[in-house]
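Look for chain A in each of the two complexes below; its partner is chain B in the first and chain C in the second.
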Partner chain A sequence: MAEEKVEQRRRWREFWRRFSRNKLAVVGLVLVFVMFFTGIFAPWLAPYSYTDQNLDAVEQMPSLAHPLGTDELGRDQLSRILWGARTAVIIAPTATFFGVSLGLLLGLLAGYYRGWVETVIMRFADILFAFPGILLAILIAATVQGRIEAWLKGFEALEGFVKAGFAQVLVVIVALSAVGWPGMARLVRGQVLSLREEQFVEAAWAIGARPWRVIRHHILPNAMAPIVVSVSMSMGGAIVAEAGLSFMGIGIRPPTPSWGALIIDNYSFWRSPAAPVLLWLPALIVGAMVAAFNFVGDGLNEALSPGW
Partner chain B sequence: MITYVVRRLLWLPFLLLIIGLITFALGLYGPGDPVLVMLGQHANPEAADRVRHELGLDRPFLVQYADYVWKAIHGDLGESLKYRGQPVGRLMASRLAVTVQFNAVVIAVGLAVGIPLGILAALNRNNLMDYLIVSLTVAGISLPVLALAPIAMWFLAARFHLLPSGGWDGIFSRRIIMPTLVLSIGPAAVFVRQTRANMLEVLDQDYVRTARAKGLREHTVIVAHALRNALIPLLTIFGLMLGGLVGGGTITESIFGIPGIGRLVWDAFTARDYPVIMAYTLLVAVAYTMANLFVDVCYRFVDPRIHYG
Partner chain C sequence: MALLEVKGLKTRFFTEDGVVHAVNGITYELNEGGTLGIVGESGCGKSVSVLSVMRLIPEPPGKIVGGEVLFEGRDLLKMDAEDVRKVRGNRIAMVFQDPMTSLNPVLTIGRQIDEALELHMSMDKRQARQRTIELLEMVGIPEAGDRADDYPHQFSGGMRQRVMIAMALSCNPRVLIADEPTTALDVTIQAQIIDLVKRLRDDIGMAIIWITHDLGIIAGLAERVIVMYAGYIVERASVKDVYGDPRHPYTIGLLGSLPRLDETRKRRLFSMRGLPPDLIDLQPGCPFAPRCDYVIDRCREEMPPLEPVSLGHEIACWVDVRSSRPSKPAS
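Here is the complex of A and B:
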């Protein structure tokens, strides 16, 4: 037992050594931590509430009272950006989690059982691939929106959440997961297809291991590296996709702050001298987070791929 | 080879049938009523029913879909609900022309910038030049158009008045420069990354060493031996981009005021103009499938090692 622990610790140290060799990956990891920290502690970090309007101080340039100025309704831009991190911290991991879980499960089934299971699953993935992605997300979001809102009304305990835009967040999560799984299913199936030809899998079958055991102990651990990398990258993708959906008027709507919604709400300021704080800053934050998740993905790729 | 192509093409009708069904269902069960959008929210219910009956929207779902498929097979994609009396086919054709021209320019610029930079980076591996190009690529891949557009527009249009902020006046107008600039950064970055990686791989191959060993000039080795093989994997990306040619960016076309097909679909969505949305989805599916097939067939010709059953 103790030896196992030592072995595990050694592995982690080895993993970290390889990961931290990529300096950009470390920078990305720090940014990701900052995003999560900000998202979780937004209510304590933000100087104002994201809905506080001050119509005597609209469209102000940065000042001591408002370090990043105010928007057209006199809302503090810094507070809205900090609160926007919370939306990102909720949406990116959840949408990725559901999309990845579905893709992982279906990809495993398709690759492991082959035959008609594979045909049905992969054909369905093909169909979703041939769909124009953003349109499918929009159609799904528009279709489930009313239903989710009606469903949430049934839970009185959730009233506070609903007021804070919980329903819209849920809609975005559903739409992004539905569009996101086929890519993961393809990736996982490819991995499984090559792994099931390996001798250690054959050996496991030969001694009569059950399918679930083979998948859990022999296939999954060896297929993990590309999956983990793609999880990291799709977190960044989810943040951009949320911005795109907001731009289309689907998903996060005012006054709920999200970085996407901040870009969209302030788009009309593109000529204004306040554009750098009102518009560029949220836009660059989105870009930086995508880059950060990509860097972490690259770092994981180097740390997890064998033969280094 | 021919069997392979035929088999792939036979899948297309099924694909279209299912994609059509999904879109049709999302349209019918989704929110919003095209008739109410047409007549206004406070329309007389009887009038609304009459219009619904005229358009055949009161029939059962499957009957409506079968009718749509039957007409579509005969080349009739229906009439737009928003622009009454306009056949969807004609409506889409004019917008499609804009989108295809614009995207072709974007891809061409992406290729023209991306491939040389990729080669340059590979030949200067781990030099300052390489680092510079690679970091620019990372920025180009990460920054979404939604983030790049306002910054480019502020500097080039609002602050220094160098360029118009967008609009459409054909591909030879100054208006196209700004959207092309912003949009081609992504494809260019993808091409740089791929070209660099492929070049590095190919330069390590035996046949490149052989070419050098027999005393060919470095220029010949790079262009005739390495580059030709390094560009093969780019075919996949290029082919899929060709497939995306007809797609049109809903967001980008809105930002830059380009009257292309992405914009049309967005307007169609807000007006619940489902015939247009249906036609668009089917068009994209056909383009995507054909592009994939094109890529696979091309591979067969450029890389004789590949065989298809």
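Here is the complex of A and C:
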């Protein structure tokens, strides 16, 4: 078994060698790490609380006390950006996780069972696809918002969470998962359709394997590369979609900080001298993170595709 | 009683272009330890006929529309899916044509052979691995213990086919179905694989169905040969009769297209004119009639039944090729 470990390590090294050939992908990976780090350690990294108002020091330019200045209520912009990373770190992976899981499951079912199962799932996916993603997310977010908030009020133990904007985070996650699955379902179905014709799948049937075993051992592992790439890309997509929803006012709302909410909060300062830190910086961060996840996706694609 | 009896097997594919009549009522039997060769050109239903036996036809679009497949006295076509799975890989195993694509690229070959053992022999991981290494040694893979942890891409084509054979033999099957297992290999490797299968057959005593379009391979391997054309059996005979006394014009054509080492005079290889018929739009009569040099009017109206011409030698043809002249000169 020690040999298996050596083999594992060798495969990782090989993977890293291919991945790191793409310099942008490495830069993207660093940015992603920074985002997760700040998101997880925001409470310790932020010099102030994200809700602390200081009405004596509003709309300040960057200074030693407030490295990125303050907003119209005198809240420290650096702290709000750091806490915004936390919102992104909660939303992007969770929304992606649910969207991908649902897409994976439905795509597998559609590709594997074909027939009416496939027709129902894929036509439904087509219908969802017919709407622009963000429009559908807005629709879903607006519809489920009231229900989720009412439902969460039923749990007294969760009161603290609700106050901290938990309901809004949940709304965004639900909306993004609901919009995210059709793409994954299509991708997975396509993979399954082509893999099920492979001779090694036929050979697996021929030794008497059951359907679930064929899917788990022979179909899924061979479909992993495009799925992993797509997961990385949709993380970036989730960040920008969250920003979009928050910008519309149906995502994360003040005082909970999120990068998208920061943009809308400070939108009125677009002519103020503090605009670069209050408005442009959060927008730049959103853009940079989307780019970072896409670069990582490209790198993964190159590292995982055979024949390189 | 025969180990495997196929009676009147019919398989069709219901596609958008129409119904493909892939297998049109074929009957044969395979005895314990015997070897049966199935010969015919591409698309004549060889593979579909054995995949039907294994119940591996994708449904839809395919469907077995008639016949019986009696294995050890039980009809495989009437079994439920779970019972068929117990037979597959365990009692009847299969080796496929292209060893480059019949192994899963992301699993070590050891894992893939273990799979069958865990499925049918209820072995735990350690026992399975031990047996896997024995099997790999049996099929002639050097340093089997180490190579079991290698991935398929680390093996050559011939070695992969040996791995496939090891996998097929893992549960000591009674029948091994080999679907053109040497077609994708070069000639020297072909010979090695054939020798290996012959040796294993004699050691283990399993029966073999060997599918090929190459009559030369069958000669030294099989006892009985079936010649298929357009989903029909057109000639069924002992291997000796097929080579020494072929009676169906199609078989004669196939043999004529083989180069021979013992030939003294230079001769052009015979090439059969025309193409195999479209199995969607099968005309009444003998499907070989449009390409046949001995064709008579009756051929275009009625499909001849498979009837004996001598003991253990049957053909499906209206014409006796020994007494009639080709109506057209051979091209």
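Operating definition for what follows: the second predicted complex is superposed on the first by the 307 of 308 C-alpha atoms of A that agree within 3 Å, B and C clash if a C-alpha of one lies under 4 Å from a C-alpha of the other, contacts with A are read in each partner's own complex, and residues count from 1 in each chain.
One rule holds in what follows: a contact is a pair of C-beta atoms (placed from the backbone, for glycine too) under 8 Å apart; a residue touches a chain by one contact, two chains touch by 3 or more.
On a predicted model such as this, the values are computed, not experimentally measured, just so you know.
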| item | value |
| --- | --- |
| When chain B and chain C are modelled together on chain A, clash or fit | fit |
| Partner chain in contact with A:36 - chain B first, chain C second, else both or neither | neither |
| Of chain B and chain C, the chain that contacts the larger number of chain A residues | B |
| Chain B versus chain C as contact partner of A:130, first or second or both or neither | first |
| First (chain B), second (chain C), both or neither touched by A:97 | neither |
| Which of chain B and chain C A:294 touches, first, second, both or neither | first |
| Partner chain(s) touched by A:161 [first = chain B, second = chain C, both, neither] | neither |
| Which superposed partner A:198 touches (first chain B, second chain C, both, neither) | second |
| Vertex chain A angle, Cα centres of chain C and chain B, expressed to the nearest 10 degrees | 90 |
| Per-pair minimum CA distance [chain C against chain B, superposed on A] in Å | 8 |
| On chain A, the residue positions that both chain B and chain C contact, one per complex | none |
| In the complex with chain C, residue positions of chain A that touch it | 3-4, 7, 114-115, 198-200, 202-210, 213, 217-218, 221-222, 224, 306 |
| Of all residues in chain A, those that touch chain B in their complex | 24, 126-127, 129-132, 134-135, 138-140, 142-143, 145-146, 236, 240, 243-244, 247-249, 260, 263, 267, 270-271, 275-276, 279-280, 283-284, 286-288, 290-291, 294-295 |
| Touch list for chain C against partner chain A, complex | 54, 56, 60, 85-90, 93-94, 96-98, 101-107, 115-116, 119-120, 149, 164, 167-168, 170 |
| Of chain B, residues touching chain A in the complex | 15, 18-19, 22-23, 26-27, 29-32, 138-139, 141-144, 146-148, 150-151, 153-154, 157-158, 247, 250-251, 254-255, 265-266, 269-270, 277, 280-281, 284-285, 288-289 |
